[in-house]
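Quick one: this structure, given as C-alpha cells, is what I'll be asking you about.
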Amino acid sequence: MSEQVGFLTMGAARAGGDAPEIGIGMLGYAFMGKAHTNAYKKIPYMLWPPPARPRLVAVCGRNEAGVAEAARRYGYERHYTDWRELLRDDRVQVFDNGGPNNVHAEPCIAAAEAGKHIICEKPLARTAAEAKEMLQAVQRSGVKHVCAFNYRFVPAVRQARLLLEQGVLGRIFHFRARYLQEWGNSPDVAQWRYHAETAGSGALGDLGAHIIDLGRFLVGEPRSVSALTATFIKERQDPGGGTGMKAVDVDDAFEAVVEFENGAVGTLEASRFAPGRKNANTFEINGERGTIAFNLERLNELEVYLEGTSPKEAQGFRDVLVSESFHPFWEHWWPQGHIIGWEHTFVHELGHLLDAIVNNKDVAPYGATFEDGYKNAVICDAIIQSAREGRRVEIAY
Amino acid sequence: MSEQVGFLTMGAARAGGDAPEIGIGMLGYAFMGKAHTNAYKKIPYMLWPPPARPRLVAVCGRNEAGVAEAARRYGYERHYTDWRELLRDDRVQVFDNGGPNNVHAEPCIAAAEAGKHIICEKPLARTAAEAKEMLQAVQRSGVKHVCAFNYRFVPAVRQARLLLEQGVLGRIFHFRARYLQEWGNSPDVAQWRYHAETAGSGALGDLGAHIIDLGRFLVGEPRSVSALTATFIKERQDPGGGTGMKAVDVDDAFEAVVEFENGAVGTLEASRFAPGRKNANTFEINGERGTIAFNLERLNELEVYLEGTSPKEAQGFRDVLVSESFHPFWEHWWPQGHIIGWEHTFVHELGHLLDAIVNNKDVAPYGATFEDGYKNAVICDAIIQSAREGRRVEIAY
Amino acid sequence: MSEQVGFLTMGAARAGGDAPEIGIGMLGYAFMGKAHTNAYKKIPYMLWPPPARPRLVAVCGRNEAGVAEAARRYGYERHYTDWRELLRDDRVQVFDNGGPNNVHAEPCIAAAEAGKHIICEKPLARTAAEAKEMLQAVQRSGVKHVCAFNYRFVPAVRQARLLLEQGVLGRIFHFRARYLQEWGNSPDVAQWRYHAETAGSGALGDLGAHIIDLGRFLVGEPRSVSALTATFIKERQDPGGGTGMKAVDVDDAFEAVVEFENGAVGTLEASRFAPGRKNANTFEINGERGTIAFNLERLNELEVYLEGTSPKEAQGFRDVLVSESFHPFWEHWWPQGHIIGWEHTFVHELGHLLDAIVNNKDVAPYGATFEDGYKNAVICDAIIQSAREGRRVEIAY
Amino acid sequence: MSEQVGFLTMGAARAGGDAPEIGIGMLGYAFMGKAHTNAYKKIPYMLWPPPARPRLVAVCGRNEAGVAEAARRYGYERHYTDWRELLRDDRVQVFDNGGPNNVHAEPCIAAAEAGKHIICEKPLARTAAEAKEMLQAVQRSGVKHVCAFNYRFVPAVRQARLLLEQGVLGRIFHFRARYLQEWGNSPDVAQWRYHAETAGSGALGDLGAHIIDLGRFLVGEPRSVSALTATFIKERQDPGGGTGMKAVDVDDAFEAVVEFENGAVGTLEASRFAPGRKNANTFEINGERGTIAFNLERLNELEVYLEGTSPKEAQGFRDVLVSESFHPFWEHWWPQGHIIGWEHTFVHELGHLLDAIVNNKDVAPYGATFEDGYKNAVICDAIIQSAREGRRVEIAY
C-alpha cells in the first residue's frame, strides 16, 4: 500500500502528465475485460487532466492462449492464468474483477487482504451472504471498493440524480423500471449465466441488479418486494463442455412490486425474453412536481416533465439531449449533440475510482460500493424468496 | 322484447336507410353520457350501412336542470330524474348506464328484468359480489349485455388481438401494462371517485380495470396476482357537498405482479399521480416471435417487432399507423393517415352492440360482456386482497 | 340574404337550443362531403352552445344514384345533380363546395352572386387568375367566404399560431414544411387529380397548398420561391372513362426554396411518392428563442423548444399533448389526453364559419378566406413558373 | 515512401500484434485533433486484428504552449508549430489535416508532394478551384487520400448504403437532408468560421458539405441546384484578436432544391440557427419500394419502411437499432443495443484509411476521397452561385 499512500497525499492539482501511475490487474478479458480496458486506455487523455494514469500491469484468465492474445491486444505487460498469481504481483494496485459471478467472492476477498483497491462487476456475489463476506473484507482492509453499477455513470442518469437531489420532482410517488433484452429467447443459447452455481440468479442478478441499483440511487431504500420469477426454457446445453443438456435453475425473468421507505411504490422487472428490446434498461420516476424517464437504448436522452412551467400551453415531456458542456461528464467529451455511447460509462466509472484512490475521496454516493453491492444482493435474495413463498418480503440489510 | 325479436330476424343485408330504429335510454349525461351519445349520433351515417338507427328516447340524471339541458343539447326526446322511470319507458330498448359505480348494479339488474339490452360503464360494479348479481340478472333475462371496456375497440388494439389470434407472436412470455394519469396529484381535486362507497376502488377500478381487461383480451386469464396499493393523499374535500374533509378510502395507485394461466408473467399498474402522463394506457406483449406495444396517447399507432423478417439488417420496431382501409374499423373512416380519436372507440363499441342486438350475434369475444365485467371485478378484488394480506392471491371466478 | 341579416343581429349570447338554423347546400358527397357533413352534424351538440344549427338542406352531385344515397345516408332533405339548382334553392344559405378543382370557380361565383355564404375546398382554383375572379365575386357580394385550409383548425396548429403571436419564438429564421403521402407511387392509381384541366396542379395544389397556407398563417408572406417539379409516372389510365392512357400533366412532387418578407428562409415540399408517409404534413419553425414543430400524423402533439428556461439542465424539445381544457378548441372535447382526430378540424372550421355568419365576425385571421385562397394560388403559380424557367420568382399578389 | 511499399505487400492476414506501424502527423489539436487522435489510439485494440498500429509521431499547431500540452496529453512523440517541419519529419507517413479551412490546400499539396498519405477535414477547401489543385496533387503523387466525411462511417449510414446497393428501395424519388445546429444563434459567438477568407463558406461548407456528401454517397450525382443563402447576424467580433467588429461574409444558413442525375429531387438545408437542434444531421430517401431515414442525434438508429412486407397489417416505419454483430462495423464493438457514439465514426474512417494504405485498397467508394471533396466543393460553389444569381445552376465537375 505504500505507493497508494503517496498518491493519496498528492492532492488533485496537477498537470495531466504528472498524474501518478496506478497498476491495474484485470481478471477476465472478454466482454467486461474489453469494456474496462478500453476505459483505462482512454482515461489518461480524455479525463484531462487525469486523476491517474492506469498502467496495464497484467490480465488474467483461465485460457492461456486467450489471455495471451488479450494481453497482446490491449497492451497488458503480462498475463496470468491464476488470479492468485495476479494478486501476488506487487505492481497491481487495483484489482478489476470482470469474471463470472462465481469468481467474485474469493478473489475479491483475497485482493482486499492483499491491500488492492477493487472494482468488481455486478452482481457483487451470487447471494447476499457471499456479498456480505466481501463487504466485510474490504471494510477490514480499508481499500477503495466499487461494485460496477456503471449505469450510475451515464450522464443522463447522473443528471437525473442531481435533479432529484435538488428536489425538482418533490415527493416521489413511483419508480418503475424494467431491463429487457431478447437474447435468451432461443434454446440454442447456453452459458454460465443459466446456472445458479455460476451465476447465482438469472435475469435478476444480470439485469435486475442494475435497475435495483438505480432505484436505490435515485429513489431510496426499498422496504419490501412482492415477486414472481419465471423460467421459460427449462434446460439448455451444458456450458461445462459436455454434450448433454443441463437444467436451467435460474430465472429467465422476474417481476416485482416494490415499496420504498419514503412511501413510493412501483414495479421492477427484468427479462431476456423480450424480442426487439436489445438493451432496454428503462425507468420512470413520478413525483409531485414532475416526471423523469430514461431508456438506455437512447442513453444520451433524458425525458423530463415539469409541472407549473411557463407558458402552460407549452408544457410537455422534454426530450433532453444530455450533451451540453454543463451536463455531467460532458466537459470531457464533444460539442453538444455529438453523442457518446455505452462504453463511456466505464470511462466515468473507472475515472471516479482512480480519483477516489489518488485523492482519497469517497466512492459513495455517486459510485456504487461493495456496500451497495451487498444491499443489492439482499434485495435480489428477497425477490427470490418472495417468488418462492408467494408473499411480500421485507428488506432487512 | 317483441320489437327486438323483430330486429333479430331481419338479418344483416339491408340498406342503411332501412335499418331498424332502436330506442336508447341513457343514465348520466356528463363525461360518458357525452361520449356515448356522440357515438349513437354518428353510427347512422358513419357505420354505413348501419346495423340500426339509435333513437335517443330519453336521458336520465338527478339534476333536473342539468338533465333537461343535456336532453336539449343532444336531442333526447325527453328526460327523467329517476332511472326507474327511464326503465318504465317502453320505447327504451337499450339501457346505457354511464352513471357512477354505485348506480351500476341496481339499475342494470332492473333493466335486465325489464328486458332491456344493457351497456354499463366499467368497472361493472364496486365488488365482484355485486358484479356477480348483475351477471346473473342478464343471464336470466337473455338480453345483450356489454361492459364498456371501450379500448377493445381501438383499431390498433383490435389489430393486436387479430395478430395474436393468428399466432404471429407465438408463445407469450410477458404482458406489462400501466395506465397512468396525473389529475389525482392535487389535494384540491375531490369527487365520488375517492370513496369506496361510491367508487368501490380508486385508480384500480377506474384505470386498472381497463388494463386488466386488455390483459384478458390479449393474453388470457390470469392465474394469480401479488399487489400493493397506495393512497398518497389521505383526505380530500367531502364530495357530498359538505364543507369538511373526508378520508380517502380507495387507492391512488396500485402495483401488481401477474401470472397468466398460459405461463406468461408481467406487471399491472395504475396511478393518478404520474405528472405528464395525461392518458397513458400502455401495454407491451413479448412473445417468442415478436413484440407488440401500444400507447393510448397515440392510439392510431401500434408498435410491432417481428423476428426473422427479411432483410435481417432492417429488422426493428415498426411504428404501424393503423389507418389503412384493411385495418379494423377503418372501412368506415378516412384515407390512411387521417387519424381518428378517442371518441371513435365508442362508435365502434356501440355499433358492435347494436349489431349484436339486431342480428342476434354474440357480443363476445370482441366485445366485453358482463361476464368480462364480473371476472374483471374478481381480479380487482384479488389485487386489493393481495395488497392487504401481503401475499399472492389466486384468481378464482 | 334577409334571413342571414336576422342572424347577424342576434348576437352571441343565446342558449344552444335557440341557435338559429342555417341552411347548408353541399356540392360533392365523397371524401370532403363526408368530412364536412360529419362536422355539420356534430356542431349543434359539441360546440355547445352552438353558433348555429346547420340544416342539411340539399346535397348535389352528378351521379343521381350516388347523390341520392348520400342524401339518405347523411340526412340531407333533398338532392340535386346540377349545382345551379342547388343554388336556386332559397333554403340554402351556405354553399359548401367540396367538388373537384375544376368546379370551384363557376359555382362559387354563382353562389356569391346568389348571396350565399361560401366555403370552398382548397386549392381555391386551378390558377391564380381563376382564384382572383372568385375573390372578386365574394368581395362584390359581401358574403362570408372560407377557403378550407382546415389545418389552421388543428388545436396544435392554432396553439402554434398563438405562441408566435405572443412572440415566444422572437424573430423567425426558418420555416420548413413538407407534406408527404405515398398513394401516387403506383401506376394503377388514376383520377382527376393527375390532370391539369381538372386539378390545376398535382401534389402542389393538393398537398403543397396546405403547407403554403401554414407558412403564411404562421410566418408571414413569402417574398420569393425557387422551385422544381417532378412527374415520376408519365401517364396513367384516363379517368374520363376511356380505356386508354392519358399523359399526366401535373407534378407528382414539387420542391421549393422560399424566403419570407420578414427575412426567414426555408423549404417547401410535397410529394405523393413517399412510401410510409401516410399523411405527413410536417413543419418546423426556428426562431431566435426557440423552435416549434408539428406532424399531422400525430396531430394532437406540438413539439416546442424554448431557450433560456430553468433548469437549463432540463431543457429539451417538449412533446406537448395539446389536449388541455385551456388549449384551443378543447373546451368542447374530452379530458386531457383523450385525443381527437383529423375530422375534428372540420368541426372547428365550419363552426368558425357559422359563428362568423351569425355574429357577423371576420373569418380572418384565424380562418382562411378567399383572399388567402387567391394568394395561395399566386404562390402555387410562382412555384410552377420558377420550376419551368429555372429561376427565382418574386411573389406579387 | 519505401516503408509504405513494404506495408502494401504484406497483405491482410496477420495477427494484430504484427500489424505494421504507421507514423501519424497531425495538424491541429482541438476539436478534430482530439477526435482523430482518439481514433488512432483505439484502432490497435478495437479493430482487432488492426490493419496497422498508428504511431503518434507529431502534432502541429501555431500555439507553442497549446500544442506542447496536446502532445503530452495524447502521447505524440513531439510537436511542431510549423506544418512544414511536420512534413519534413520522415517518420510521418500519414498527414492528418484537422486545421481550419484556409490551411487545407497548401499543407495538403505539400504533403502529397512529400509522399505522405493524407486525410483532410471537410470541406476539402474554401472553393472548388482550391479543391481541384489539391485533388491534382494527390493524383500526381499517388498517395492515399481521404476527405473526412466521417458520417459515411456511421454504421446506420453504411447500412443505408448497403440496402440501397441491394436495390431494396428500387428507383429513388426523393432525397431530403438538413443539418441543423443552434450555436450560431448568438451575436456573442465569434470565430474563423464566420469569415470567407478562413472558412470559404458558412453553414454551407461546415454542415451542408456533410449532407451533400451523403446525397452523393446514397443517391448519386446531382444535376442542378436552386438555392438561397441567409446571414442573420451581420457582424461579429473580429476573431483575429482585435476588439472591433467584423462583417460576417458567409452564410448562416442555406436552402437548396436539388435534382439528381437519376431523376430524384429533393431539398438540402443547413443552419446554425435552429434552437434545440443540437447536431441534427437528418436525411430521408423515398424510393419506389420504401423509405430510409436517419438522424445523427440518434445515430445508432435507422428508420426503414418497406412496401409489400407481410403481414401488411403490421407494416410501418421500423426503428432499426443498428447494433447487431452483422451490422456494419459492429463486429468490433459490443453486444446489441450497447450503443456507440459520434466519436466511433472516426475509428471506422481512420481504420479504413489505414487498411487502404497497408493493403493497397481503394478508399472509394465507401470512403470519401479528395475527388469527393472536390465534387462537393463544386456543388457548394454552385449553391452560392445559384443563391447570388437567383437561378438554377447545373453541376459540372
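As written, the chain order gives the labels A, B, C and D, with residue 1 at the start of each chain.
The rule we apply is simple: a residue touches a chain if its C-beta (ideal position, glycine included) is under 8 Å from a C-beta of that chain, and two chains touch if they have at least 3 such contacts.
As the structure is a prediction and not an experimental result, all values here were calculated from the model.
With centres computed as the average of Cα coordinates, no chain lies farther from chain B than D. Two chain pairs, A-D and B-D, are weighed by contacting C-beta pairs, with A-D ahead. Measuring from the averaged C-alpha position of chain A to that of chain D gives a distance of 35 Å.
Note: centroid distance chain B to chain D, computed from Cα atoms, is 55 Å.
Across the assembly, chain C contributes 277, 316-317, 321 as residues in contact with two or more other chains.
Across the interface of their complex, chain B is touched by residues 159, 162-163, 166, 168, 301-302, 304, 306, 309, 311-322, 324, 326-327 of chain D. Chain contact summary for the complex, chain D toward chain A: residues 15-17, 31, 35, 37-38, 41-42, 45-46, 48, 72-75, 181, 183, 277-280, 296-300, 321, 323, 333-344. The residues of chain B lying in touch with chain A in their complex are 171, 173-174, 176, 178, 180, 185, 224, 226-228, 230, 232, 253, 255-259, 263, 265-267, 269, 271, 273-277, 284, 286-291, 305-307, 316-317, 386, 390-392.
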